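One chain, subunit A, links the two complexes that follow: it is found with subunit B in the first and with subunit C in the second.
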Partner chain A sequence: MALNELKFEYKNEKSVSIKKEWSHLGVVGSGDMEVLMEKKDLGGAVQVKVVTPVTGFDKVWNLVLEKFIKSSNLGNVSIEINDNNATPVVVSMRLRQALAEANKVNGGEE
Partner chain B sequence: MRAWNELQQSSFLGANARERAFGLVDKGTFTEFANPRDRISSPHLPVLKEAIEFDDGIVVGLGLIGKKPVFVISQEGRFIGGAVGEVGGAKMVYTIKLAIDLYDRMIAENPALPEEKRPAVIISFETGGVRLHESNAGLLAHAEVMDQFQNARGKVPIIGLIGSKVGCFGGMGFIAAATDVVIMSELGRLGLTGPEVIEQEMGKDEFDASNRAMVFRTTGGKHKYILGDCNFLVEDQIGAFRERTAEILALSMEELEKYRRIGSLELVEEQLKLVDLAVQLQPRDSKDVWKYFGNENPEGLPDMNFAEFMTTVKRRPENK
Partner chain C sequence: MGEDRVWDSLKRDTDERMRKAAPLVKEGKIVAAKDTVALLEAVIRPHDKVNLEGNNQKQADFLAECLCKVDPSKVYGLHMVQSVLALPSHLDVFEKGIAKKVDYSFSGPQAGRLAQFVREGKIELGAIHTYLELFARYFADLTPRVALIVAYEADKEGNLYTGFNTEDTPVIVEATKFRQGIVIAQVNKIVDKLPRVDIPADWVDFVIEAPKPFYIEPLFTRDPALITDTHVLMGMMALKGIYGEYEVQRLNHGVGFFTAAIELLLPTYGEELGLKGKICSYWALNPHPTMIPAIESGWVKAIHCFGGELGMEEYVKARSDVFFIGPDGTLRSNRAFSQTAGHYAMDMFIGGTLQFDKYGNSSTATANRIAGFGGAPNMGCDPKGRRHVTGSWLKCGSEFGMQEQMLGNMPRGKKLVVQMQETFKEKLEPAFLEELDAWKLMKNANLELPPVMIYADDLTHIVTEEGIAYIHKCRTLEERMAAVRAVAGFTAIGLQADEKENAELREKGIVKTPEDLGIDITRANRSLLAAKSIKELVEWSGGLYNPPARFRNW
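So, the complex of A and B:
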């Protein structure tokens, strides 16, 4: 596997999962990424897998992801990211957008 | 994703492939095949340390327009320029094949199946053709799509839609030319060799790819509409593309065939006449061609808004 694969796990005290069974957001454009969120029984934990051509930024990924998962109080969710050189700001924004998408009821239709 | 109602008013150019696919068919009817959760991404890109996408840059699925089952193929230009590799190509090929198989099955069950219930395929092109990272597989995919077009001929209509940022170039330019009907917005671009490649191969004097106005005069929707490579011009709105598609799909296969630009001896002869004309006219710019087809004021055409353009423009007389 020539692409860099990073795995992280986080756990919040009293967490909530997403409303949809699964949800997808984003396009892997240059400097961008996609997020796949799935409801999954992980004993309250959140598992994150990042696939990226970039190496050497494991700590930054950890900081950005940890901050997002703490502030969103997520649990029992599996998150998979395909990244193509997204900056930390873009990563944070896409994660928040992905969460909003995952919590839309009735697919956002009125 | 934005709601269906909102998408209808939204720019086709600004939307992503999934939004286009979702918005091009009736509200709430789209089901995606091989969706991101299935994680069918390219096996070749990781070897080259290139980023992957769960859908490999192509959204395919099935929806309804009225009672008609409509198979949708929608390319994503922001992922490697919409270039077609092995997985994305296979998704295209098998989606068309599914449409043909469904047609055969429905007709076998009921030979008098009303036109309004017969399947169709729509393809939103946003691509430069073959993905060079997986060139052989990508080329093969192009050939296989052509094969499926031949199998669909006279059975399942194939409508090409071009209104994206990347446009439709390279091998996919040939594919678009081989569809039954092409619908474009003026922001859509269609060609074989893309502007940058012409400049690279032939020099800036031959073709200046940084001259945006000239690029659009040569490859853009308005020019293609005048010339006849595009049958219908619509506004840059997902709803406008959907409505025009629905109108066309209401026609019988026989009527639809009349919109083809290639695919018969008569049409080959017609295209050859255009080559003769180019030799005769020696145009320096698309504007020379527009003038030849009766546009008194070719200078004014590029800046006209959609409504004004449609009432003013004169097209090549052979156009349908």
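So, the complex of A and C:
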């Protein structure tokens, strides 16, 4: 299974980073993916690296990621996604769940 | 006037056929399995309408195989009227030239081959029906001359025990026998005394003990292990935004994983929402194993079943307050009555589909498979003859945005017809399309209409992972299309959505996202399911549920 590596970068006006230094969520099971989020000084930007076996969906990846990062107002975060044929549905959900996980401090919310 | 005319030609013809078959009868109405082909050749005439019993559960498989073995120079041009085309033999009979035309309802496993036969001219396709529609036509223009049916047991007088899997038998026999037709039953066993009589001997002409028990498909068993977090999320949305919102007490579930997830969320998330007793009391439903936790937790008052489900026999027997049980203690299913309940007595139909078009029409048809309808469109429609009132029916009707344009100031209720689908299916195929594949199938199979499972004017709600579209609230077609786009995610249809328009739809309550519904998406996790595997379903049932071997992986 040949893997493709896709890279994206986004920037929000007044962004906020995640609370934890780094965070991990998900498993690379069939139809699923894992997300690693890491706090990083990127001048306010968000960098995303996607490793996926799927080709021809770069545009959809961009749309899904853009929507997520815009709505969550993220900045200064490096995101790594290892994908195994997750649908855009699963990608959106995992990203939102990963963000919630990354903002938990000492096991508590927010 | 009428003196020269014969008024009992059907009876005379039947008598003649019966005389031809008489030498094959051993004792009472019993014919030996080895004489079955000869029996069929004796009682079936060319161009007869013949019913071959079988549905998505039980199958008269031995009689189906024997029908393929009759001499095509004696028996040919048959017009088959039957619920399903499911077994290879159901199509072999056309390949051999014994049958020519078919009127049917559902053809899951044989759908591809059926399309090929239609293209090659091997089958003349009458019409594709819902189950209830086909049964209705048995009493009009599609009455079988001969019915080949299936039961568990017979006595030698010809009384039949169909028990747990009664399903379509009563309606077929009623139509056939009371129009002077001939009824032949294959049974697993001929016994001295039946547990109960489901079909009286008067209505049965021949019984045959088949060499092996009839085939049954466990179609309604869904393994909770295959339910995903997305199914859970959509189930949470449906429970809060539809079941709870409309307080739906009477309903039917489709067969897919979306509704299996909902069944398993009732004792957990449903309980948490305080919905116990307010929703889901009465069902037209097969005995779904995934209903066990909800039944055990006291959610369900009554379930009437279309058919049986392999492995659920003992559980159902032990829950006679919930299911419809005979004097012998076992379930009596009945597809015709359950479909009637599903049409008239249910306030909601909810199930999965494969494709939506931009207007909200939905279909499970693909370009090269004539899969048929089964029961879904009968339940997934607003029954225009309904007159009785319930709270959820009235509420849905009061929200109907186009009612005034149709009825002026006249109030009327509306059934909830809900379709669930993720915006992208497996292999990243979009679920929302400009045009349904049903149009391609229409051309490929030479149909007069695209086979649509649920029309947009019957549909009230679409649930995707993006949210719920309450499309019945829309006042114009344009607004409906905008509501469809709003929940179509990143599909080509969804990408045409306008942010401002979406905001307006959310403002009006026509579209609700998980956030609008107050659902914490991070909780959408399999851990919320009351059972996560078949094994846990067995545990919930106290060991009464006995899953088929293929579902036992422990």
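Here, the second predicted complex is superposed on the first by the 104 of 110 C-alpha atoms of A that agree within 3 Å, B and C clash if a C-alpha of one lies under 4 Å from a C-alpha of the other, contacts with A are read in each partner's own complex, and residues count from 1 in each chain.
In this text, a contact is a pair of C-beta atoms (placed from the backbone, for glycine too) under 8 Å apart; a residue touches a chain by one contact, two chains touch by 3 or more.
Only a predicted model underlies this, so the values are computations on that prediction, with no experimental measurement involved.
In the superposition on chain A, contact of A:16 is made with neither subunit B nor subunit C. Contacts of A:87 after superposition: subunit C is touched, whereas subunit B is not reached.
By the touch criterion stated above, A:51 is placed in contact with subunit B alone, subunit C being left untouched.
Applying the stated contact rule after C-alpha superposition, one finds that A:96 touches subunit C and leaves subunit B untouched. In the superposition on chain A, contact is made by A:36 with subunit B only, not with subunit C.
Of the two partner chains placed by superposition, only subunit C is touched by A:60; subunit B is not. Judged by the number of subunit A residues each one touches, B leads among subunit B and subunit C. Overlap of the subunit B and subunit C interfaces on subunit A comprises residues 85, 101. Residues 31, 54, 57, 60, 63-64, 85, 87-90, 92-93, 96-97, 100-101 of subunit A touch subunit C in their complex.
Those residues of subunit B that touch subunit A in the complex are listed here as 1-5, 16-17, 27-28, 35-37, 39, 41, 45-54, 76, 78-79. Touching subunit A in their complex are the following residues of subunit C: 228-230, 233, 422-428, 464-465, 489-490, 495, 521-522, 524. On the side of subunit A, the complex with subunit B involves touching residues 1-3, 22, 24-25, 27-30, 32, 34, 36, 38, 51-53, 80, 82-85, 101, 107-110.
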